[in-house]
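Note that chain A is present in both complexes that follow, paired respectively with chain B and with chain C.
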Partner chain A sequence: MAINSNTPLSVVAEATFNALPVADKDPLLTILENANGMYEAHAPALISALYTCEHLITGRSAVFWIPVLPSIDGLDYDFSHWVYGGAGVGAVTITVEEYIAGWGAIHASGALGLAAATWLRHNHTTAISASATILRVTISRAAGSEFSPSAILVRPGTNAPAVGVKASGFVPFDDGMLAVGTSDAGINTEHLNRGPQNAMAILRDRRQCVWSFVQEYSQTDAVYSTYTSPLSDTVPACFGQAVGLIPFAHDPVVTVYAIGVVDGGATTDLIDVYQVGKSGVKLDADGAVQSASLTLEMDASGTIEARAKIGADAACKAGQVTHIAAVIVLWRPGD
Partner chain B sequence: MARIWDPLQYGWSPGYWLTIQGIPLLASEMNFGLTPPAGYTDDPGSLVIDEGASVGQRVERDRGIGVGYPLTFRLLDTAAVRAQIKVWTKTAVLQADVSAVATSFEVDSTAGWAPGDHFHIGAERVLIDALAAAPPRFTGCTRHVNGIAYTHKADATATCRITDLPRYWLGRIVELWALPVDPSGYVPGSAMTDDAELVFHGHISAGPDRVGDEWQFEALSLDRVLARPLSSALTGKVIDTEFRRLALPFLKIVYHFASYDFAGALVWSHDLVTIPMATDLATDLLSETEIMSRISTSFAAAAAGTGGNVETIAWKAVEGIDNGQHIKNVWMAMFAFGTDATINTLHTRITVGGWVNDESWHVGGKLSTGIHLWSKWCGHIHPGSLGWVNGPPQDVAAVRMDDALGADVPAAGFAKIGDVVYEFKASGASNDTVFLSGLKTIAGQVPTQDLTKETVEILRTDTAPMPDLLLRQFMSSGTANLRSPVTLHDRLDQTQGYGISETLIHVAGIENVCGALFGQTPLTVPSSGQSTEEALCPLLALSGRALVAKPVDHDESGAPDTSRAYRISMVRTGPSGGSYAATITDAHIIASDPAAVEVRRLGDPPTRIRVQGQIAGEDVAPIVVNDKGREQAQSPSELSFTIPMIERNPIVSMVTTWARARFASDQSAREVDVLTVPWIDAEIGDLVRLTSVHPGLVDLVTGAAGAFDGVARVIGSSIMYDTGVRRWTLLFGGYITSLSLCPSAEISLASAYPPIVNSTIDVPFKYYPHFAQLLAQDGVITLTLYDPGSAEQVADPYGYTFDGVEEVAGVCRLTVASLLNGAEVVTPALSRLATPKTATATTYQNAHLMHDGDGTSWGAGG
Partner chain C sequence: MRPPGGKDWTGAVSITAEMTGEATPGADVELLISADVAVFNAITQPYAQCGHAFDGATSAMLTTRRFGCMVAPAGLSAHAWLAAWGTPDIGAIQAPVEIESTSSGWPPPAGVDLIVVPSPQQGTAAFGEVAASVASPEHWQSGDTDETGPTAAINRRIELAGSLSPTMEEFQVKYCAGFGLNTIGRTPDLE
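Up next is the complex of A and B:
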């Protein structure tokens, strides 16, 4: 008796079912262990972002705040950080903190070597708490050496399903009744239902990053703000537009998470995240994670190329400056 | 239906009374001496139903619906009856639409009417409280007297007439109730509803016709309503395909102008922020001219604050290149500025919803009033809203409606233009013209030909999972939740539903039997001009289900429904299933009738099943499944279905499976008509156990004749109201090797933790039939215990034996007889009880349930 996982998945041919007069142990066992395998292997990116930041930073750290909605199961996540090194050979350090009620470190890289004019990719596997709402990534390099934070990718790591029903609703399958010993157990309704229910639990629990914009949290260090916009400070500034892809989607509902900051004054509805030419949502720039649902009208809806162009603007009040620290747009199947 | 018929075996007889929607008269067979329902006056002896044939229905398996037999009844020509049937004397014409809850009716004149009068409008009867003038109207009205309320639409042609007596009887609801009458003629109770049971609910289809000295009516059963086409499509003709776009009320256009002198110093700058379509609705459709007018107006208002530095905006259509394409009608915005010879350069920046057009102009001190600086309109980022037209617009159509009902066109939906079905994203109406925009075919293509002069049908559609589609069609009345205050399915337009009250619909039964049809996968079905029977029942037929109207005595989970109300429900139509509702034995069969048992084969089973899928009424590639072996032996015979879908691929495997099941079972299935006494407690769609030595009945599994003992599906049931003889049409045979999945019952509660001998363990009620039969057959229930997600079953045997099973407060309660492996931890809402492995398998389990060796049963030897 054990909890086994099929990785890679063992696809059961449709003909297998058509040939059987009734349900059989073999495809059922395979399906249930496929669902276990899916728990291990399903890894949509929670964060996939190219940093918008100053090129060849020196003499300071680069700090990014990124909204997250991690798995409720407290999964391990595989992180990849890309940093470009300019002049100098100073060591790079990368720390990752999560915010729950306060900041708590979840990863410290130690000193990472980086030669001049080369790329560094730093990988680590780290659990993100289910209730974390922000990740803070700090990238530093020894004084006198230049660096350019480039990108971050965070996606579920290999999480073998352990004993016990998970908060996501996933129920690990133990083969004690179907495959062990003398067997001859009944094929029961719960086992038959568990496969699809587990698949749905996994898909619904692991959000997928559709669109992102991340720049440094400090307004002083950020590349874009309403102050740096060539427009006056009463006019919304477009921080970025890009195409988000959700293959085969019909009018999906995504959730927009944003962190915006002002240097003073009112914060209400200063951030506008929208589908270009369609509807959008307005969020407060109060330094906290704000979120709202947005229904996208996809181009090439229902096809593998289903896509939507999404943009983020910010406005400011007279005499004030607003900047967007991060926007992450997340989706999950079924929404 | 058995409850009212039970006393017949002790010498009682049934007595009947009847009501007609909107008629305050209660017609009864005799003077029952009971109080009629509020609002009705009893007219004893005025009802004659003995002339009626049998009443009941039969499931049409290939149509997915039960067909109820009509009821024929007569009313004696009494004074009370005559007073209702004679021609009306007071009349008025409705002048404005009235919702189903409004209490004021605007009419052309109130002359001749008085407070306290009742009037009839459609099938509704209304009590007037007061009259009012300017405009003339009835106020304080009490709605739906003796019936139900409707939405009423006034019509410019003055066809919605109000009268003091019914103008017509067709379509009115008829309810026939039965009461038990004891052998001495006494009826127990004090009110007519005390012990009455509704035995027929339908609609008048003919009458009143004078037959002899009586008035005769015919009524069709409730289920026959579902064969009535819903409102026909709105029709019209395309009159042009001019460019119209949805307004963007939140679109912000920002103009930045800055001027610099010859030294490069800033002279003046202005930021003009405009929201040109702020007063439009997102659903408004605007032409290019209208859009440009709004932009110009808002610009002028903003420019007024520049002290004359910025003056006007003007437009010019030119040809040009945009994004590599040759474009016609590129709209150029031309700005005019005030005279200022000190200015050398001008910088313009126009931002439209995030898109920036940035240009600088050298004017060299020649800036004067009237000079125009061009700025190509940056509309190409908003091709759906502003900007250019690339040749004739292809995704819009202006439609002149045939019946001036443009306002009834849905905001988005489907339209058949010519022979092609298009989806439209938005619509807008102006008088009798409707603008459709965002036209795309089902395959996602914009129209490729000029649509002008093509005929148009606006299709009303609904998209939802199958149970919701059905329930919305049944209940929708045009007034949100008027017919469904509890279940909330009344949400479509009046023309998209039958307006049947939720109390006449067995919602749980439909959701349970239908729920497995595609799960939550939505389907899109047109509801214009089609009936439920045409649009949705073929899919039910294909999957072995059917809609029926029947007294509901239990839901699909087996939980009892004590109301036994007559409702539209859904049943399975295959010959096999789980537990049976009643047993029919030779003791029940009317032995004196030589035709008491008549066996016949089914009609010619098909060799090919062809399924034509439709997406919003548009055909997609059909799915065809052949019984090749049978085709070799005989000519092909095809059974075809048309079903709604959204995508074809997910349907293919299901259709294939359903078709194979049909091929396999129809070869040996048989029908039998059995005449019995009336008090057998089963309804259409139920399984019954038939035990008979009649030589016509052959057990096709054993081949033995005259010793039949097996289950059969009730696909027809009727009763002669005069004799009480009940005719059953049963489907039996059609056996294929089919076993049940083993139950796995989630424990909700135990009387002790861990359970010990004599503890009770509660599981959902739906397991009661399984466990009750298991106990009846084996004398003991052996079940294994496991926790999903943990080590599932560490030993064998493991769990409990039970010697008691009962229904208590809606749950199935098991009593522990022994512990198989000592005390075990039980966690409510997690731990489950399932059938055990071979070592402790039971006779019932061996015969009926699947085990994991090869998917067959354990077999007789375990």
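Up next is the complex of A and C:
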């Protein structure tokens, strides 16, 4: 008896169903082990962001706060960090912390070599606690050497399903349930329902990143703020626009997570995340993660090219400065 | 023939819905097909793709970017949705966007495999300037020419791995301020 996973997917030929006289061990076993394989390998991006930050930083660290809503199963995630090295050959270090009730380190890279004018891609596999709400990424380089953070990608790693019901609702399938002989295995309702229910549990548990904008948390170090474009609370500054895609969707509901920072004064409703030409949500810029739901009206809806042009603005109160540290828009199938 | 799945999942995902409630269901092939299609579609549905907003076009910033996108099984080719503001010269036409990727031509420099996307007339404001209600960036797509053996750097589809497993496609992109990967070509038959 074993919990086996089909990775990659094992495709059941259409002809199999045409020829099948009765329900038998296969293809049911294949279907159930495909669902196990989905638990092991399903890997939409949870976080995918290109940093907007100072180019060729020296003499300080770059620090990014990124809202996150990880799997409730405490999965391992594969992280990739891209950093460009300017002048100098000093070592790079990358640390990742998660915020629950306080900050806790989950990864420390050690010294990473980087020659002048070359790229570094640092990969690691690290579990993110189910209750984590923010990831803090700190990138540093030895004094006198330049660096430019480029991007981060976080997606589920290889998570072989182990025995026991998961918090997500996923129930690993053990082949012993169908192993009594090869042609006389008992088939019951559970066998037919389990594969689809497991697949749906995985879809619901693993959020998919639809839009992002991330710059440094420190207003001193951030490149763009309302000071860069000194406007007002009636004419806000735009921090970015891009097209996000949810294939085949019509009117999906996404969740917007934002961290905005002010240098003082009121914080209410200073961040505006919107679909261009459609509706949006306003969030407080109080230095913490704020969230709200937003229904998108997709262009090319119902097709593989279904997409939405999304942007993020920030306003400021008179005499004060606001900046957006991060906006992450997440979606999960079913919403 | 088994094409990859694709559906609007809104309101269509339940982890408790049952294919059958019968304690002793009949040996019905339709039930097996339903069970298989539900799992198969969930695995092969293309992932949502992030619209990355960033400043990678202002001359003082890092204008050559490296990053990665996750591609669901069966993804073969893609467009990129690109964005650019009016910098460095408001209203001027900016340098073409250059795209290199794991499946299209890697590592950089990709030579004839380089994908070169002409930039349209730029928006009317610099990055981070005034709100989109006042001025907007330009949004446009990379090319649709499905050419996997180019002899010159052209504006063509981005190639993807076409694997039965999820894959990370690594990119190097120059001169843009928005990037969203739009998988448009998929393996027509996964059998």
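One rule holds in what follows: the second predicted complex is superposed on the first by the 319 of 335 C-alpha atoms of A that agree within 3 Å, B and C clash if a C-alpha of one lies under 4 Å from a C-alpha of the other, contacts with A are read in each partner's own complex, and residues count from 1 in each chain.
In this section, a contact is a pair of C-beta atoms (placed from the backbone, for glycine too) under 8 Å apart; a residue touches a chain by one contact, two chains touch by 3 or more.
As the structure is a computational prediction, the values presented were derived from the model and not from experiment.
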Partner chain(s) touched by A:176 [first = chain B, second = chain C, both, neither]: first
Chain B versus chain C as contact partner of A:241, first or second or both or neither: both
First (chain B), second (chain C), both or neither touched by A:287: neither
Partner chain in contact with A:31 - chain B first, chain C second, else both or neither: second
Partner chain(s) touched by A:164 [first = chain B, second = chain C, both, neither]: first
Contacts of A:189 with chain B and chain C, given as first, second, both or neither: both
Residue contacts on chain A - larger count, chain B or chain C: C
Partner chain(s) touched by A:74 [first = chain B, second = chain C, both, neither]: neither
Which superposed partner A:88 touches (first chain B, second chain C, both, neither): neither
Intersection of the chain A residues that touch chain B with those that touch chain C: 14, 17, 20, 22-23, 28, 187-189, 192, 231, 235-236, 238, 241, 274, 276, 302, 311, 313
Sites on chain C touched by chain A in the complex: 1-2, 6-25, 27-29, 31-36, 38-40, 42-56, 60-62, 64-70, 72-73, 81, 83, 125, 127-137, 139, 163-166, 168, 170, 177-184, 186, 190-191
Chain B residues touching chain A - in the complex, by the definition given at the top: 248, 250, 252, 254, 256, 271, 273, 349, 351, 353-356, 381-385, 444, 653, 656-657, 660, 736-739, 741-744, 746, 784, 786, 788-794, 796, 830, 832, 834-839, 841, 845, 849-856, 858
Chain C-facing residues of chain A, complex: 7-9, 11-14, 17, 20, 22-23, 27-28, 30-31, 34-35, 37-38, 41-45, 48-52, 55, 80, 82, 84, 119, 121, 148, 150-151, 153, 155, 169, 187-189, 192-193, 195-204, 208-214, 223-224, 228-229, 231, 235-253, 274, 276, 302, 304-305, 307-313, 331, 333-335
Residues on chain A engaged by chain B in the complex (per definition of touch): 1, 14, 17-18, 20-25, 28-29, 163-166, 171-172, 174-178, 181-192, 194, 230-232, 234-236, 238, 241, 274, 276-277, 280, 300-303, 311, 313
